[in-house]
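The structures considered in this document are given below.
One chain, subunit A, links the two complexes that follow: it is found with subunit B in the first and with subunit C in the second.
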Partner chain A sequence: MAEMTARVSGFFGRMPRWVYVVIALALAIAFPLLEQFGLMQTLWLRLGTRVLVYVLLAVGLNLVLGETGLLHLGYVAFFAVGAYTTAILSSPRFGIQWNFWVIVALAMGLSMLFGFLIAVPTLRLRGDYLAIVTLAFGEITRMTLNNWETLTNGPGGIPGIYPPNIFGWTVDSPLEFFYVLLVAVVIVIYLLGNVKDSRIGRAWNALREDEIAAHHSGVRPMRAKMLAVVMSSGIAGLAGAIFAYYQQFINPTYFLFMQSTIVVCMVVLGGMGSIPGAVLGAVVLDATPEVIRQAFTTWLPGAFGRDFLPGVQSALQTDFDRYRMAIFGLVIVLMVIFRPEGLLPNKLWKREVHEEDPRELEKTHQHLFDFEEGKQDLEV
Partner chain B sequence: MQFERIRRILALGLVLVLALSTFGLGGCTQDTDDGADDGATGTTETIKIGVHTSLTGGLADYGFAASEALKIAAEDFTGFEVDGTTYEIELVIKDDKGEPAEAPIVAQQLVDEGVVAVIGTLTSGAANAALPIYQTAGIPMISGSATRPDLTELGFENFFRTCLRDDLQGAAIGEWALELEAAKVVVMDDRGDYAVALGNEVQATVEAGGAEVLRQEGQEGDQDFSAQVANIMGFDPDVVIFTGYHREAGLLFKQLREAGSDAQFMGGDGIKSNEIAQGAGGAANVEGAFCTFGGFAQEGMPGYADFAAKFLEVTGVEAGPYAENNYDALGAVVEAIKASGSTVGADIIEALHDVTYEGVQGTLQFDENGDVTVPGGGGTDLIPRFEFKGEAWEFLG
Partner chain C sequence: MPDVILEVRSATKSFGGLKAVNNLSFDIYEGEILSLLGPNGSGKTTTFNIITGLYEPDSGDILMQGESIAGLDPGQIYARGISRTFQMLRLFSNMSVLENVLVGMHGRTKANVLDCMFRTPKMRREEVQSVERAREILAMFPGRFPLARHMQPAASLSYANRRRLEIARALAGEPKLLLLDEPVAGMNPAESLEVMQQIKDLRDRGYTILMIEHDMKVIMGASDRVIAMDHGVKIAEGAPLDVANDPAVVEAYLGRRGADAAS
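After this line comes the complex of A and B, so read on.
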């Protein structure tokens, strides 16, 4: 069995990376067509669109949390800044409708500025302290949105956000938003992939592993961390701006601390420091509760009859929604037990999680040896 | 070592699963399977009614009350007949976790399921997020608990509610103060979201009526109001209105009486607790105080006693907040289907505007915005009034 999985993963391991990228992209492009041809309920398209928003967030947070190793618990604040930028500048709230591109640029710019301002004092802290302070900043942002009634309308939120107009094309259906978000995701991932493999990406990884050693090897910690935080804030701002357009409504309860936690979970469960991992983490975590709901209320009763679980069928029919989050929690617990390194970890992180495992240690040594012999890139 | 830990966690997981299935078993006792009992003429049609509520998350208890009340309502109303067709009601209950980001997904799901009407959402935020989707699909949405005022002013003609708006109470308190021919009114809040909004509405109404207003504020948890009492005594008001909660209200009223004030004390539903007498250091200090309530008063509802008894019998717990509003929401939909003879969303929406429905809360109608009203009345008249007499709040009407 173990040999077989090894062979299978060996086979896939031999495929060049672009093959996966092409497959994933083709699946993503084809996904909404299922709905168009009536093969899938609109629900899934709507869910898919929200998943893409979380993909942006997870990929963005991965820069800070996964690559640079900073436990940032206030990430949703930047998402909120982006969303409120759209809501204020394109809604009946102040009766204005600015251009889509201006709003997106402004949302990203403001989020980055905000990220920078928060980073200046907080990045001097490490570990748990950084987590606490970023958490506090996330809550401060939400409370500000909740109480600055003249600008944000407080807890009532901002309804009726106008649909964006992109070069004369009015985007107002889940299908259109799906493709807009897909383009954003592809661009962001392409850029981040390049940054990751550049000198600055290596500097981030070095900081994550050992800040002092990195500092002494010529990495300037403050500057490198700042860059990571500011870039990831910009991505959250972009996600927020498009999300507000898509929801047509925004209020402070979208930006609870729980949202930050969920994005952290996406990065950790997907695999720290791995872009495909962050993408998969976002897909799995955001879609699973819905899949569980459909499985227990529609698919399983459809396949095995309403009585598929003897004795509990009526509770499942009418009350299942009350229990699904508990099942979701169980799934996460199992994932953490059986795959602590995440779903699609990068190699370095996987070895670190399993550092007592002699086989993984062996691989590390082999890898370094190959690198020194010039047989292999030092891929991380 | 590692295995020990895994085993422990797995055991915990198993316990969870067991607990879960026990709950499930507990919940399935009232499974009914009404068999073939027709023989009557005409056809039978099943209509799906969506229930868009929050069964998990911070408002789960409200969601539970809503969904249980709707199950009772579905059982009461199912099998109604229109033009020889018997309609069976099938509820499709969905949870949005109380998160507005989840609401569109749930709404889409109910639309995909082909529901003819939706009872929900539980929260105003979710209503904002879900309404565009129901609007596009042409499905009416009737909420029993979304009380935010602007919801019915956004131009969604498919939205109705069987609960009263948040701003109605403030206006009602203000009007009541004006009825008492108050010339000088103190409006005081506790800086909480709810109390401030209510206080603003009271102040606006009173000022529009020509009375002079002194605005004061305290903090929730304050013990000593001597600064405010000094200000109030200097102003010498006819009426003192406190929009916060009963604990602070009791203390404030006590300190005012001790300072020699003979003003009429009033408040919103925050002070509608009989414990106010303890905070006030004896019932004498609050005797004759007035308060209002933000919804229809259960004391004034013709059908509430029966409904509450049935709810207790079926679920084993007391009917929670807004349970009766949800019951009436389904009743109003059924009434609209009867009136229009159609299960098409657009027809139900149209009929709901004209329907007069005898519900738990009384005889209900909807105004042109979808807000609930009563025949010949509406607006601030709907807000019930109470007076503190002896030891308790007494319903005035």
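After this line comes the complex of A and C, so read on.
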């Protein structure tokens, strides 16, 4: 009971939270088995694995963007640091293969250090300025990777990354990577959920809501923001490390500004400041374009004949990356129109977004000058 | 005479050419309600801002229990036992009522990020104590924050209750000195009366209170002492009735012609 009262923040509707967690986890565990039993093409398993990488990134960025309210547009840089740390220390590039745990620790540690160094000068900036500086920083990181040929091999990238060896288990199939990522996701979400539900998580939220009032409550704004940035950088570093192992090849084009934008969209789509939202945002945004491609190139022609919209078919087959962005854009536009608070919003935050609806605003304003409730209260 | 808790010594704060607070000195005694009175723009809120560290005074000093606090930041001043509310409400609107009060305790609680990540017994104990204390504080406003409201977003409260919640959040810092900036602004007479009574109750519980109010009637009933300000300068100080009848105060409020007409 005391434990329950202490968990002041999280409440997800009427069903207890664990019910949703168990359902989501069961689905995730069962998913790769579909492929094992031949019920699903490997394509979908690969997609699922990639989705989990995005889930890590979205959950990590949510800490900064959703919980603390800092518009960080260079998040992919920390993902890159993690990925390159792994590629350099476990590939024929320098002919070395360091231990998996050492690499993961280094990838996270370096990303966190990097996050810290960036945070020191930039966190004093507010709003738009922070966005511009972090954006520039992300691009500088990518250009450094592109040009520091002695270390990174420049645009050529680093091929042949050795698979990780975890306690004697060599992880080298999409199925295995899926489960490794799932474990990482579960651990990260568990730990972050705990922090979110504590004085530190509340301090982040308070900074997002009103920095001056938070400061007057003893929150140290720089320290608290720094902590959010450093933690989220560490998570991106972890995601980058596993991604590099899984991909076996990385080059700077994996770390374009567009990647940062996509992760921002995932957080916004899911619902800022909501961990389940970040997860769902990543799943929906990464899976939708693929589903649409399959629908137009395979399922619909299968059902309605081979020449079903042949133009769309060939366009999606040859130029998919371009259309992928268009589909992202469409999903975001639809969401901003129909569900601005996100798919699985933080319950409390839902209000603010809807208040910006002019019809709602009217109501709120009335409420502001309406002492009805106060009068009723007086009679109590 | 009780001990002095806070001393403002010749504090000055200018914005450009405007001396918002000009060579202001006064003491606050333990256990009293001291009110700052004055027309709009007379420098009352700026006085709060230099006491609570939002601004540093250009010159002069501020002593909390004998130690200088001028130039400390708001977090450090919170730690010295001074909490405040704001003239324009500054609640964490999208956080729950209970969470707002819990944030008010932030600077007094200790759990670090690892404690929070792994929910160590130490952290859980502190969290349970914090929630209990927060509920106690909310209960100081009888009938205003029933349990059912604790989980509602602060933004969903009535205006008067939002002002009360800000006081509750300030109390969560366990301050020795509580600064209230126009606590009844925008309230109807019945509500003002109730909140004033609650402020007196707080004094009786042992808090020292510095309050800003520009409604004379409200101030008369609640204050032990009053300081009147105009154009950043202290123009009168003393018992409420004496200050209210002070010619300088009447003039500041009504203007010279008004003062003449009144006499």
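Everything below uses one rule, namely that the second predicted complex is superposed on the first by the 320 of 380 C-alpha atoms of A that agree within 3 Å, B and C clash if a C-alpha of one lies under 4 Å from a C-alpha of the other, contacts with A are read in each partner's own complex, and residues count from 1 in each chain.
We adopt the following convention: a contact is a pair of C-beta atoms (placed from the backbone, for glycine too) under 8 Å apart; a residue touches a chain by one contact, two chains touch by 3 or more.
Small disclaimer: the values here were computed from a predicted structure and weren't measured.
With both structures placed on the common chain, the touch criterion links A:Trp18 to neither subunit B nor subunit C.
Once the two complexes are laid over each other on the shared chain, residue contacts for A:Phe37 go to neither subunit B nor subunit C. In the superposition on chain A, A:His215 makes contact with subunit C only, while subunit B stays out of contact range. Shared-chain residue A:Asn205: touches subunit C; no touch with subunit B. In the superposed model, A:Ala326 makes contact with subunit B only, not with subunit C.
Looking at the shared chain after the overlay, A:Phe167 reaches neither subunit B nor subunit C. Touch criterion met: A:Arg50 reaches subunit B, while subunit C stays clear of it. By the touch criterion given at the top, residues 41-43, 46-47, 50, 154-157, 159-160, 174, 247-249, 251, 253-254, 290, 311-316, 318-319, 321-327, 329-330, 333-334, 337 of subunit A touch subunit B in their complex.
Put simply, subunit B touches subunit A in their complex at residues 6, 9-10, 13, 16-17, 20-21, 23-28, 30-31, 55-56, 60, 64, 67, 71, 91, 93-95, 97, 99-101, 104-105, 108-109, 111-112, 124-125, 128-129, 132, 148, 150, 154, 193. Of all residues in subunit C, only 52, 54, 73-75, 78-79, 83-84, 86, 90-96, 98-99, 102-109, 111, 113, 115-119, 123-124, 126-128, 130-131, 143-144, 151, 153, 155-161, 169, 172-173, 187-188, 190-191, 194 touch subunit A in the complex they form.
If you check the complex, the residues on subunit A that touch subunit C are 2-3, 5-6, 8-9, 11, 191, 194-195, 198-203, 205-206, 209-210, 212-220, 227, 231, 346, 348-349, 351-352, 355, 367-375, 377-378, 380.
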